[in-house]
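As structure tokens, here come the structures.
Paired with chain B in one complex and with chain C in the other, chain A is shared by the two complexes that follow.
On to the complex of A and B.
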């Protein structure tokens, strides 16, 4: 059932190319995003995966154009062919209110604590000149769709009277209310209980598929991303290092960082000591002139430290690594003995 | 040797429960007193046994008696009635000051937070400078320019109190401004004024309320002082600050009732407002 996917050759819904972002820190511009490129087709789900500080959230903030004063962007951010960074006030307001919707990490912080669920849900519709009765009916219908049974009662309650899981469902309902085309979910289950995480994810996924919404899903959970998205973009230090289909990323990961991430996940099937990527994650502004991952990469060569690799197509992936072809299928990380070692069968372990 | 001090966590009672369990006598007394003074001010004609401005030279400067509970002043007016009537002007002034200052301060603060940038910077500087003016000095200046009475000191004090309100509200509004729910309002396409009035304001309101009540107390004291030095309410009106001043001659002659009664009213009322404001502020803090 790929009917919601774009016909081949059509423009993608979202196209981000060579996005760069500087944000002033104490008057000095600081690089936050180096080179972010990805596309999201209509109805497609893209996972943005990376460590904290890798620029995932900042990327989505550019998509919504929610940037701090003095932020400077470079590169293209296109929504349905229109430049988001170039929109005037009216176009921006229309775009934000009816084309995109956002689901936040902590639903409790994302709903005004002193207004009722009903007021929260209907406000945007009322602002769009929908009658109170109709707005309330639509809100109740949506609450039922996201699995809230006593919807009319919930409408009269305040956020603090609802559990986190219920509130996140309310958020999902509110995101669907204005019938957007793109949904951005910023770690929507991180603040929730493990048991409710699954339910909320299932509802989000179901709603999205039913409505054919495109999704940008931010997470640092690779398995979760693989389960709910079509493609995954791996970010590190403000750069997209690799983009690949979610289904076979595990087997075909090309970038040493992606492979490292995959190797450092715990598994309940194959219990062993976890691999850890050496060093600490660098911020975008600390990166040198070369590959942003170079100083932690066991396979780095001289060239990697001086020349930044561009994102290019290798196999079905897009990968930013000089040695992608050369290392294809050869990267293994091993744990054991006194020291963790990385192996590339032709290179000496570092 | 216990490094870990076990805090008794009794299954975290709901905040409402905790609020009711601990009866707070200071709070109750403050609320009662404030309500009582307001009631007295409103119902003074019903409660007062005498006309507050009716003089009776034959009964002048009497001590407390069954006819005149607090005695009479130098021209024979009933002090008890004047204290009751005095609540009207004594409370009206502070109420006006607080209404004006709160409205102006809150509006300015939220606007500054919303627009940010140079508007916020300029406003913050102006408020800092305004802080340097003692309210009383500003009131005296205003009286010199516009003449004594109720209006001049009230306007001056309203101006002087605005920065106090604005500073507190600004910091609270700034905190709210950067919470995700405000961002989601922006994303929902709500207009700036609507977000400010419907979303930021309700969330800073508890703090505004606390600050307003505290200001009621201090402006009552300030206005009383202005009347005491003869720059505020003019005789023969009844106002507590003015009565303290009026009673000074009698005080030296050994009958301190007038000054004492009016002074007592000022002190207790100011303390009550302060206590109430403090408790409201504590609750606003807890909520935030």
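On to the complex of A and C.
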């Protein structure tokens, strides 16, 4: 095992190492995750960043053990030293109800449309034998904490009467109610307006810090992830390609994909022709035997197409690239007029 | 300055049905919006949901009728939305629209080539060879190969589908292309490709863009001028670089400050219980 997976001191709250996942598609197992390794310390925030099909959401499904029938995993997923994949039904129920909470992109799909906000919030507490009065008081107090001032009125309303931003705050309150140790937020603000996103992220960040919650934050937005997490893991085609401190990822990114992703994002402060990573994001099952990014990488060599690089320590990053040392600080993406049209997206197999 | 598109005091009011606890009323979606777009120019209408930006686009496209105000093309007033067949065809040759999700705007049962060819057949009296030639030219222009042209939308990736939608929209050589959140649903790396493609196509064909977007980064890349909308009204307008570098209106400032960027930290503004 790599040394970075065993830092000195206490065990991390979450340790995922060399996770592999196959899911049956029309009876055939299909690779969804190749090699996912990361750790989240107690109270630490980790961003899982990637484009569609990178496996970031599937990784959280493994963390919650919400997998389709016939899914096969390999590698370790440990929560506080206990294997999540090995939990029996009772342990799993306890883990899901009191250790982890999850916030999804679309709160409307995660809340019962025919029960009130109040009923939704107090349900779990009532189940845990908390009195109705106390459950309601706790729910109202939490709604106020997430910036909902007229909480008693909101408690009597139904989900359709609330805006997306307000409903997402209800979901944050709900996630805090059971006092979990880990919060998983899967693109929680992607469907929201940018000003609402700022509010919701600020509230999420504040609640998490106050309670010392660990966070796994899934997003496609590197800048957003950098603002609210301590470390970022960049995923592509079911593989973690790079892990680094969020604070200076822009300056220190080592993997050609990370650098490319940073260069493709249109800036609000400056106009230049964007450097576009050629091709389209591939899914894990389409990747060849070598580096999963090799066919889109402008720096790929023969070895990259045949030999899959493992995640290893370079500087204070973990990076899965054969040429990381050699390319360090030398990856510049020149904007070439016709060049980016020459190698455009390849067709997706059906 | 010559003018391709002109909007004068445009207003759109939708009737609102009575709902539980709320009486019937009116919703002013667009209120007194005016701007002009020169031939070959690129103007972005920026705003969040409910700002009225899409309603503006739909009125320009002729999909909604303004309650009051005027839309002119080359100085000529646009006909009412319920125009005759001939007028609608003429309008189609002037203005085309690309939507956010090409999956819902392309016919699932039709190949990309067939979709473009059908459009050419409806509008021009060309023989099959000439149509085929034009289809091939359009596909090459947007960066799709022969095989992708012969594919159905389902077999293409999101970026390829958006290229197909752009090729179809350009088929009639419109003077104005309305792009309604046309790159919003794409992955970042593919989005960059389409943004570059749009910049190239404007330079090559001289088509003008009316670009509807909520994304200020994309707006800066793609537009010369921009109009910031908030609750149906224009709060700020001008050269895109000026508006984004030196915003004057408080709402524009608020919008800009909410965009994640290196060093950005999300901040809580007012506690809002009011915005339901």
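Here is the rule we use: the second predicted complex is superposed on the first by the 328 of 350 C-alpha atoms of A that agree within 3 Å, B and C clash if a C-alpha of one lies under 4 Å from a C-alpha of the other, contacts with A are read in each partner's own complex, and residues count from 1 in each chain.
Operating definition for what follows: contacts are C-beta pairs under 8 Å (C-beta built on N, C-alpha and C of every residue); 3 or more make two chains touch, one makes a residue touch a chain.
Model, not experiment: these values are computed from the prediction.
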Q) Touching A:227 in the superposition: chain B (first), chain C (second), both, neither? A) second
Q. Taking the superposition as given, does A:111 touch the first partner, chain B, the second, chain C, both, or neither?
A. first
**Q.** First (chain B), second (chain C), both or neither touched by A:98
**A.** first
Q.
Between chain C and chain B, which one touches more residues of chain A when both complexes sit on the common chain A?
A. C
Q: Considering only touches as defined above, state whether A:198 meets chain B (first), chain C (second), both or neither.
A: second
Q) Looking at the overlay, does A:127 come into contact with chain B only (first), chain C only (second), both, or neither? A) first
Q: Check chain A for residues that touch chain B in one structure and chain C in the other, and list them.
A: none
Q: Note which residues of chain A are touching chain B in the complex, please.
A: 64, 66, 69, 93-94, 96-98, 100-102, 104, 106, 109-115, 123-124, 127-128, 178
Q: Give every residue of chain A touching chain C within the complex, in rising order.
A: 51-52, 147-151, 153-154, 161-163, 165-166, 193-199, 201-203, 205-206, 220-221, 223-224, 226-228, 250, 260-261, 264-271, 273-278, 280-281, 340-341, 344-345, 347-348, 350
Q.
Quick check on the complex: what are the chain B residues that touch chain A?
A. 116-117, 179-181, 183-191, 194, 198-199, 202-203
Q: Could you pull out which chain C residues touch chain A in their complex?
A: 48-49, 143, 147-148, 151, 154-160, 187-193, 195-197, 199-200, 214-218, 220-221, 241, 244-245, 254-262, 264-269, 271-273, 275-276
